[in-house]
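As written, the chain order gives the labels A, B, C, D and E, with residue 1 at the start of each chain.
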Amino acid sequence: MIPDSLTQIQYDTVYNVFSLVIASQLFTSIFIIISLKRVLPRYRQAMTVAAIVCAIAAYHYFRIFDSFKAAFVTEAIGGAGNYVQVAGESFNEGYRYVDWLLTVPLLLLELIAVLALARKVQTSLLYRLIPASALMIILGYPGELSGDNGVRGIFGLLSTIPFAYILYVLFIELTKSLDRQPRSVRRTISQLRLLLLLTWGVYPIAYLLPMLGIDGSDAWVGKQIGYSVADILAKALYGLIIYRIARMKSFADDP
Amino acid sequence: MIPDSLTQIQYDTVYNVFSLVIASQLFTSIFIIISLKRVLPRYRQAMTVAAIVCAIAAYHYFRIFDSFKAAFVTEAIGGAGNYVQVAGESFNEGYRYVDWLLTVPLLLLELIAVLALARKVQTSLLYRLIPASALMIILGYPGELSGDNGVRGIFGLLSTIPFAYILYVLFIELTKSLDRQPRSVRRTISQLRLLLLLTWGVYPIAYLLPMLGIDGSDAWVGKQIGYSVADILAKALYGLIIYRIARMKSFADDP
Amino acid sequence: MIPDSLTQIQYDTVYNVFSLVIASQLFTSIFIIISLKRVLPRYRQAMTVAAIVCAIAAYHYFRIFDSFKAAFVTEAIGGAGNYVQVAGESFNEGYRYVDWLLTVPLLLLELIAVLALARKVQTSLLYRLIPASALMIILGYPGELSGDNGVRGIFGLLSTIPFAYILYVLFIELTKSLDRQPRSVRRTISQLRLLLLLTWGVYPIAYLLPMLGIDGSDAWVGKQIGYSVADILAKALYGLIIYRIARMKSFADDP
Amino acid sequence: MIPDSLTQIQYDTVYNVFSLVIASQLFTSIFIIISLKRVLPRYRQAMTVAAIVCAIAAYHYFRIFDSFKAAFVTEAIGGAGNYVQVAGESFNEGYRYVDWLLTVPLLLLELIAVLALARKVQTSLLYRLIPASALMIILGYPGELSGDNGVRGIFGLLSTIPFAYILYVLFIELTKSLDRQPRSVRRTISQLRLLLLLTWGVYPIAYLLPMLGIDGSDAWVGKQIGYSVADILAKALYGLIIYRIARMKSFADDP
Amino acid sequence: MIPDSLTQIQYDTVYNVFSLVIASQLFTSIFIIISLKRVLPRYRQAMTVAAIVCAIAAYHYFRIFDSFKAAFVTEAIGGAGNYVQVAGESFNEGYRYVDWLLTVPLLLLELIAVLALARKVQTSLLYRLIPASALMIILGYPGELSGDNGVRGIFGLLSTIPFAYILYVLFIELTKSLDRQPRSVRRTISQLRLLLLLTWGVYPIAYLLPMLGIDGSDAWVGKQIGYSVADILAKALYGLIIYRIARMKSFADDP
């Protein structure tokens, strides 16, 4: 699926978008860590997790960026030509799954932690959401590796089961607990869930593309941009909204 | 627009100026973070944003520096000769737009945050300034990429609309709120806005140059120096003035 | 024992697993350091040690990762071929023993520190556990180096003596002191010891493999994955459980 | 002025001296940051500036070190031969001027800040010392670049005017304010000024050397060592004395 | 004295031992910095110095490690052959003297600082110990450089004079002040001095070896290991004992 050749504009665009993700995740992480003291202790766990998630993403995008840079080369003066895959180096898409395996459970933990529900409810939610999310990623992986669209389809389907379950828990079960949240933050929490739905949806859609025959270097570049934008929204923006909720709840608890 | 060849003096000058920007932004950022505790909590958000902006700029100048170093080479002993563009590497001007996309909205946020206006006024200002500034950068980008002066002109014009709007908000609307600022800081805030006007003006002017036929390696070197100086003033000096205002307001609020 | 050649899937798998270990250890370490203030001072020593252990592991996996990357190369376009050992570089398994020499005693120290036993009991336990654990690692090393299965067996056996002694101290002697722990954490401490038993067991089993004739590239890849997973569980997960116990005990001591 | 060739002893000496400067500046900076809390808040600004100055110097010496290492090469086994300038790389003396442009004004700021004079006196001093010091560096630069001894002399002379002015302000004007300093620190402040005089004097003397015909590789090595030692004294030792004064004044203010 | 060739086992051993020193020094430094708040303010200076010493050592071992890796190469597949000195790179023993010049005076400062003696006694001790220790290192250096055993002997002898003086001050003069230390720490302080004596003794002995005709690659490898172990004990372990003393004295002062 990795294209043999990219035009300079394609190469530069992917290059700059990856660098944008690095900067976004890294500095969101640092911003959140510096701001930790501005919320009540009970919300710091959620914010720390948010910062760690962005830092993990920054780490993986550093590696993705270097992997991309090494994998495609040109011989044109000033880089003004086509970039082709080089001998001995590969663009390693696998980093994304490694990243998700760590960050997707943490994103759910972040959400639950910021709600500061009763201990029992919280534990019950986490004991179901975290294994489900790990399962979702692990099941998707063999499909991604396989060149065969049938295998891709089957594992995609299997992976969708825990995905659906996660959505069920977040959108049906959790809704009840929302009533106990301070009125002022309810809207923001709903926005957060919506953001989660919209951004997480990008990943299975991108997974579908090769099965729909959408291929070639344009599709690939589009997919990289899609992933990158989704990653910024699903981690950095998401983390900033977590911070906002933590601020609002801190104020509501201790005005 | 990137020149095929630079003299050693041109090469060394750009090289040293880029390194100067790295050092200025990086250590301003660290200085502001260390000094965070010297202002009242309500001004720390503004200062944190100021530090993050400088850190983002340092990050991008690290990349710009490396990109420049790789893109131009010489074969002369001791580097004492002309530097030419090398095969396979390009000087990536795109980093600037990536940088602006992140830092320009944050610079406006910094300014609004340090004023510590009523929550409502603040939200209303940010909801207009931040999208306008993002639009300004995004509209300028296709013009920068295009080799055609007509296209450059059109996108430059489109980009100027949100730019004008931002200036309108800052210089007309905001002026009313200034009356509510402690007398002692009013002058410093005005200086800050003036600094913003003068430094931000550099970017559209640099954008114009190729349309005015000002080209060649001298113009290019001049542009890089211009950008670098403007970046130091618009981010590092600006951040230090924000710190100064925060100190003054902290003292006025809690003498 | 290092295979001459790896398939791309084997190479990529090891590569991604090593990167996963780096990210897990590094960010667990940072997470624990940030969370230090959430437990009472008397439990911070244990948590600091937990963070240091993960940081040491991250350091060694950085080196292991680079060593692996340099040692195996391919000439296939896009890296889509077999990877063979290169001239002049070696994959350095020795890093693991260096890592263990530092981290294994610290893992025992972590456990003892979080129990916050009476000073005397604590000292007596440490004076026996730490030398025993250092001895265990040092005795295993010559066997690992030797190509001869007889030598391997003898040193393995010698190394098992301090290993058995450590287990004896932890599972027989320590059990008495557990009664003095707050009721609420007893279960978690037992889980921690169980985790220790299960994960530490992986290392002598991996050591046995070549003596059982389980060799070849698949076995080697399996061993690397086994080590990696065991390292994540024995250090990062272990450290997080230490944090959990410290939180619970902080709450029990000062509700 | 950069020699074509260095003996191994010359090469190794410069190499080790540069590394010594890196370590001295970097760890002095870290030491001062860690020690920040040991002085009263009113002296922390001075100490923060001292730490930043050392950090900026460490940054520049990292670059100078790498530049030196790349610029001189040998073909002898074990490096045991002469080192000659290589094609395509240059030793960049320009870093020193970039460094001075940032650090020299900050060194003066440090001194004024630790005195904690009346706000007005302080502002007046800074408004004169900082522009003068920037002017001094900027005027010296064209002379350094020029190969011509006449040009060198003229710019050296011009640069000496602000230099003399700075010394006048520090040694004549400032002396009056010293009476208001706690008796116990007066001697230390005088020592600090003396250190400043002695170390700053090294730079114009080194500037003179080529005009006196003192050239060749020995003179060059001597100059590098001279700069390095002066930089350690003028920044790291100076910063540590600032710390000492801040400690003494903290104690005098709040025994 | 640097051997022309190393076997793989020799190469790997030195390699792993250097990496062990890096990890030990780096993480001891971090551990001590994190633990700073666990002792009373009056002991933090000593601990900060201990952390800085370990950090300086980590820095130099990073460089020594890289220098070693670059200086010896093999052409054997998988690195399984002899390693020989390469053209153009040298193993730089000079780093050790640079390191000592900074760390040896600091180690003495650490010791004096943790005793928290009367200001006057402290100053008098430091004014004698620090110059003596710097002299000791500087006098040893020319002997180390020289290939001639006579020169080596003379400078070794000269260097031994300040060495003897330091031991005299520590073991005769200081003994009197020990009576004023809290009874509980006296034993630990004596252990610390003993550790100092035993580890510092390693350096002059290693210096003697070439004069005793103990040469060749085995002797060289042994010397590197000896230095490394001595460095871990004399800095990292020493720093941890300083921490222990600071904890005990904090407890004795403010139970």
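For the reader, a short list of remarks on this structure follows.
In this text, a contact is a pair of C-beta atoms (placed from the backbone, for glycine too) under 8 Å apart; a residue touches a chain by one contact, two chains touch by 3 or more.
Bear in mind the structure is a predicted one, so any value in this text is a computation, not a measurement.
The minimum number of touch steps linking subunit C to subunit D comes to 2. If you average the Cα atoms of subunit D and of subunit E, the two centres end up 29 Å apart.
For this pair, subunit A with subunit E, the centres built from the Cα atoms lie 47 Å apart.
Taken as a graph of touching chains, this assembly forms a single closed ring in which every chain touches exactly two others.
Around the ring, proceeding from subunit D in the sense that reaches subunit E first, the chains are ordered D, E, C, A, B. Within the complex formed with subunit C, the subunit E residues making contact are 8-9, 12, 15-16, 19-20, 22-24, 26-27, 30-31, 34-35, 38, 73-80. Residues 2, 4, 33, 36, 41, 44-45, 48-49, 51-52, 55-56, 59-60, 63, 71, 85-92, 94-95, 97-99, 101-102, 145 of subunit C are the ones touching subunit E in the complex.
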